[in-house]
Amino acid sequence: MDFMQKSVAPSVETPLLSVQGLTKRYGARIGCADIGFDLFPGEVLGIVGESGSGKSTLLSCLAGHLAPDEGQVIFDTASGPRDTVTMPEAERRRMARTDWAYVHQNPRDGLRMGVSAGGNVGERLMAIGARHYGEIRETAVDWLGRVEIAADRIDDRPRAFSGGMQQRLQIARNLVTGPRLVFMDEPTGGLDVSVQARLLDLLRGLVREMGLSAIIVTHDLAVVRLLADRLMVMKGGYVVEQGLTDQVLDDPQHAYTQLLVSSVLQV
Amino acid sequence: MIEIRNLSKSFTLHNQGSAVIPVMQDAALHVAAGECVGLIGASGAGKSTLMRMVWGNYLAASGVIRVGGLDVASAEPRQIIRLRRDTLGYVSQFLRVVPRVPTREVVAEPLLNLGVPPDQARDRAASLLARLNIPERLWSLSPTTFSGGEQQRVNIARGFAHGYPALLLDEPTASLDATNREVVLALIEEAKARGAAILGIFHDEAARARVCDRVVDVRDFTPKAAA
Amino acid sequence: MTDQSYNFAYLDEQTKRMIRRAILKGVAVPGYQVPFASREMPMPYGWGTGGVQVTAACLTPDDTLKVIDQGADDTTNAVSIRKFFQRTAGVAVTEATTEATIIQTRHRIPETALTAGQILVYQVPIPEPLRFLEPRETETRKMHELEEYGLMHVKLYEDIARHGTIATAYDYPVRVEGRYVMDPSPIPKFDNPKLSDSPALQLFGAGREQRIYALPPFTHVVSLDFDDHPFVASKAPHDCDLCGAGESYLDEVITDDQGGRMFVCSDTDFCRSRVAAGHSGRLGAGGK
């Protein structure tokens, strides 16, 4: 009976992602060192730090783009928690196409620029076996709508889109398979302020509606304040402080975080 | 509902010669369900600091802050997030929202986060906004462009959208006209009547006298000179 | 006839062994692109250097060779390759599909059904079907390894989105025995069904790209498509104007500058055999 109840309502206490002792070196230099945290379903974790602090290295290791030297990245897969560092590459890549999503800072890195918007959104569906053109197209139209791109742009290539639209298209392309974890690398970087606001609003809505968990790397403290539940501050490859986002920003404990927060221009 | 014991707090300014500034020592209070407790004390005495610690926004140095069974002072971030979603509401003096989001959505958001159906959440938001005399033509606009008084009322509507069992109110009647002040005081009384525990800062003495069952002077928690 | 200053079939024996090893590996793993050390041949890339090397590695003195280019035995490419092997290997040559033991082809599969014991050697310009959308070779090899073939359907999706139908008419991608996605070389998609379950051995050689792949006899080959846009092996909706064949792949020939044109079998041997057997089309000898 107990077992039945558990399988119906999975315990909220099982982390979606559990990272332990994650270290990546570039020769003698440290990329990131001894990183550990748990991410729970529905949580948004922000990672902030200046250039070279190791936040992008960490994100690449978490998303399986880089092989860490040490440590574990345990993801709660459909068949139970699994270490994604040691799982076969085929499985990891399948997971990256279904359970995970990765939103690049530059939409050009995350989109196929020579393929229409519909084809970009449909790719992940076709990758997991969708073979009905009409249904793929219908789903693509639906997703374009959800990221506020007009349905009549479905056959246009991303080249014809503005930067903000490209970024929204990249998000649609990533979320179409209903992933549970989204990695975002400076998702609002390179966009002007009003476009950023629109994107932030969109992301917040999607996170809430889909119950997504997300890890967002950024140097923009305003972005994490609005998007992230929790914050990790990195410096020199190490996490120097972590906690509730508004607590870390309003009552920073570490010298570096205090410097970081006090360096932001108030508007 | 809210219980504080042995609470102390200091700030360490690492970038200013690691100066340690003690701001609170041995704070203690409790707020029962259906009760409203007002914090008093001069500006800078630590009223807001105490409120922020209960909210989990400031980290306690030591002590216990129990809100609905959770010790905020030692809780995990996700426990505090859940507490803020389900149990503890906070009406601050400042409205912080994503630009571009319509006022009605801003107010409905706490309900949407709880999984209330969107239509129902928006209806509740609309009725609160109407009650607080925000003209309906403004509901579809972002509150970032509103006047200070309007923003304050949007903030209050958001804070009262969900019937939190515990509420923190930071100057809820400041910068409001008599009509709206009356609406806010009625909201507070209704919250008390349904059993909410309320901790508040009211500079408006008449308001304080009307809604507060007790007051706590935070000067009692000021660190002794020797410390 | 044979030029004695060359080894049999031009390539030295060690090179032929190397190529045969690649062919055997290709036969063992149908549809998989086997890298091989492609040699410089006395003809430019794009003239069938891959096919020529595969043919050279397969030829024995008893073989009868047929070479076709777009179905025709008498075009420049076909004639020069045929002459090349006559001179360097001294093998018998033929234009009749049924008489040949090895057929080297550019861009067609003969209309006459192939039989057991025959080898069909394709000249391949670009062996990688995924390259159109993924230019990184490291990545495409990984995709083959892990069977990540969603991208092929993106290409077909784009076709339908732009043209309302799968407009890819040649080089039409196929899946081999449910495993590797393969580029069948630029044959018209009309020929795709002939790839599957053929009694003949089919070998593919890409000289510039240094790849060999193979379909052993009776390998099952499926053309990729969508459920609601199934694969169609299309051809021009005409009969051959010379032999009257209704089921063969046709070339359109412009006959004057008044808009006059005719459709003729692209497979010259097939057409000639039919005419010899008394068949006739709209402009054929019997029809006049």
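Just so it is clear, A, B and C label the chains in written order, and each chain counts residues from 1 on its own.
Everything below uses one rule, namely that a residue touches a chain if its C-beta (ideal position, glycine included) is under 8 Å from a C-beta of that chain, and two chains touch if they have at least 3 such contacts.
Just so it is clear, the structure is predicted and the values come from calculations on it, not from any experiment.
Chemist: Most remote chain relative to subunit B, going by C-alpha centroids?
Modeler: Farthest from subunit B by mean C-alpha position: C.
Chemist: With centres defined from CA atoms, tell me which chain sits nearest the overall protein centre.
Modeler: Chain nearest the overall C-alpha centroid, as shown: A.
Chemist: Would you mind pulling out the distance in Å between where the CA atoms of subunit A average out and where those of subunit C do?
Modeler: Inter-chain centre distance comes to 46 Å.
Chemist: So what's the Cα centroid distance for subunit A and subunit B, whole Å?
Modeler: The answer is 31 Å.
Chemist: So, what's the distance in Å between the C-alpha centres of subunit C and subunit B?
Modeler: One centre to the other, that is 76 Å.
Chemist: So in the complex, the part of subunit B that touches subunit A is made up of which residues?
Modeler: Residues 11-15, 52, 56-59, 77-78, 80-81, 96, 98-101, 112-113.
Chemist: Could you please specify the touching residues of subunit A with respect to subunit C in the complex?
Modeler: Of all residues in subunit A, those touching subunit C are 89-90, 93-94, 97, 112, 114-116, 118-119, 122-128, 130-134, 136-137, 154-155.
Chemist: In their shared complex, at which residues does subunit C touch subunit A?
Modeler: For this pair, the touching residues of subunit C are 133, 145-146, 148-151, 153-154, 157-158, 160-162, 225-229.
Chemist: Taking the complex as given, what residues does subunit A use to touch subunit B?
Modeler: Touching subunit B: residues 40, 43, 194, 197-198, 200-201, 204, 208, 225-226, 229-230, 243-244, 246-247, 250-251, 253-255, 258-259, 262 of subunit A.
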